[in-house]
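Below you will find the structure I want to go over with you.
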């Protein structure tokens, strides 16, 4: 047994690899982020919706944000909160909006929850690698814009 | 009177004891904590549930936390909140989940309450000496994992 | 005197104007913001500096933010703090860096101060209408990038 | 030109790849995290140092924490802050301790800075993929323990 193990270790060392099973995650580049932001902005302009568009990485940290002319100040933070909730809970914020409407008030006690549509995770090969959050018009419209941004990459 | 008191004091000193009634609380050792965490992790792995497991002491302060691969980021804070609520209120967080479902909205105004199962106090000789909080799957499943952790010590 | 005033009032009313002296402030459009961000990004790329670029409006509220690949997470908040300090105090953050180096520790007790170069106000006709904050390389380099962004508009 | 582009696109689609240059980052597994924590704990026990050991992912989010018997309560948060600072600024927290001692007071105005040794980034192929934070003894000793944890993986 010990002999087999040391043989394995030797092979591992020979191959210049760690003995651990490795895990990798794709990370978004600024180039990709800009393409997503443009797709979201284009969709918003189509209906003259003035919104804030925020994109975060897999850890919920801001990669990009832009505020369209006339968008309300509150949307700066709301858009970021939507993106963060989508990544922290690995699901669209619409789930929380629907849950609260269905009477699940316990959601209001959970950290980093926001109960309005418009936060959408960016999924790649089954991994959540970022999220888009949009705020400024109705939550359903915010959701349409965020989805347009996510879809362009996939 | 004074004479009797000094006699009493003398006896106390002779016996090496304080004149005050003593109070002790068993505290968890890291060794015990690891045994509980392992029992909880084993139960989670049995069903491929990826969760965060947190264990706090009698003051609600973190003793141990581990995040299993793939568990959502939000569960890091939720697991800690569940453990803290279980120790601050000396009861399982399932009580709050049930209470809110039964319409007791006043719970939402209480500090440090979280209304989902998965926070379970660790009780020893009738004393609450710590708590386990689990988050990552459904609240009922989180509760099963936390209970598996608590039960191994008792 | 009264007669002259009422004549003036009549003229004002006739002209459809308020009797109050008017005050206007030019506000940045997203189009202008993008031009500034691009100028800053181009300057950063010239030296392979990976930074966060933030642009805020006259109230210190975020209009735009982008993180270049590889920029450290802390720079997301630092860039915003620099831009906010530049608008809140109507001066470049280099002033605070220099002041602290000169021994003025009282600066550390002022709200929203950050003592490193890289926050630069955007001035138009003598009015501060926004600010750019850059973080990621040395504070002097951050300042060069922010200035490149501001200069393109003026 | 268009023809060449569509040929490229076709090849990309055939290869099942995105048209974007991909960027990947290795992520730590719980198995690796436990090996690092054990190495840090073993080093601490060698000198009977009772500390808190925290390990965070590339976004600064907690993967693991354990408090050794007798470690002070404050170290729970300090260890996490050290790990977070090491990942947010991509450098060991010793840099901040040294900088402050050298008179760089501006550091005290930066977000998420902690000026004591014991926060060490985990670097893999030039990428910062996590960090270890240790608190409980002197900052130099905290640093020795954190380094022992980091070294075992590399």
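Here the chain labels run A, B, C and D in written order, and each chain numbers its own residues starting at 1.
By our rule, a contact is a pair of C-beta atoms (placed from the backbone, for glycine too) under 8 Å apart; a residue touches a chain by one contact, two chains touch by 3 or more.
Model, not experiment: these values are computed from the prediction.
Ranking every chain by how far its Cα centroid lies from the centroid of chain C, the top place goes to B. Our note on geometry: chain A versus chain B, Cα centroid distance of 33 Å, whole angstroms. Rounded to whole angstrom units, the spacing between the C-alpha centres of chain A and chain D is 22.
Chain C has its Cα centroid 49 Å from the Cα centroid of chain B. A separation of 29 Å divides the Cα centre of chain A from that of chain C. With touch defined as above, residues shared between interfaces to two or more other chains in chain D number as follows: 23, 29, 59-61. If touching chains are joined by edges, the resulting network of the protein chains shown has some other shape, matching none of path, cycle, star or complete graph. Taken together, the chain B residues at the contact with chain D in this complex read 29-30, 33-34, 59, 61-69, 73, 76.
Those residues of chain A lying in contact with chain D across their complex are 18, 20-29, 31-32, 35, 57-61, 153. Chain A contributes residues 23, 59-60, 85, 87-90, 105-106, 108-112 to its touches with chain B in the complex. Looking at the complex, you find that chain B touches chain A at residues 69, 72-74, 77-78, 81, 97, 100, 105, 108, 113-116.
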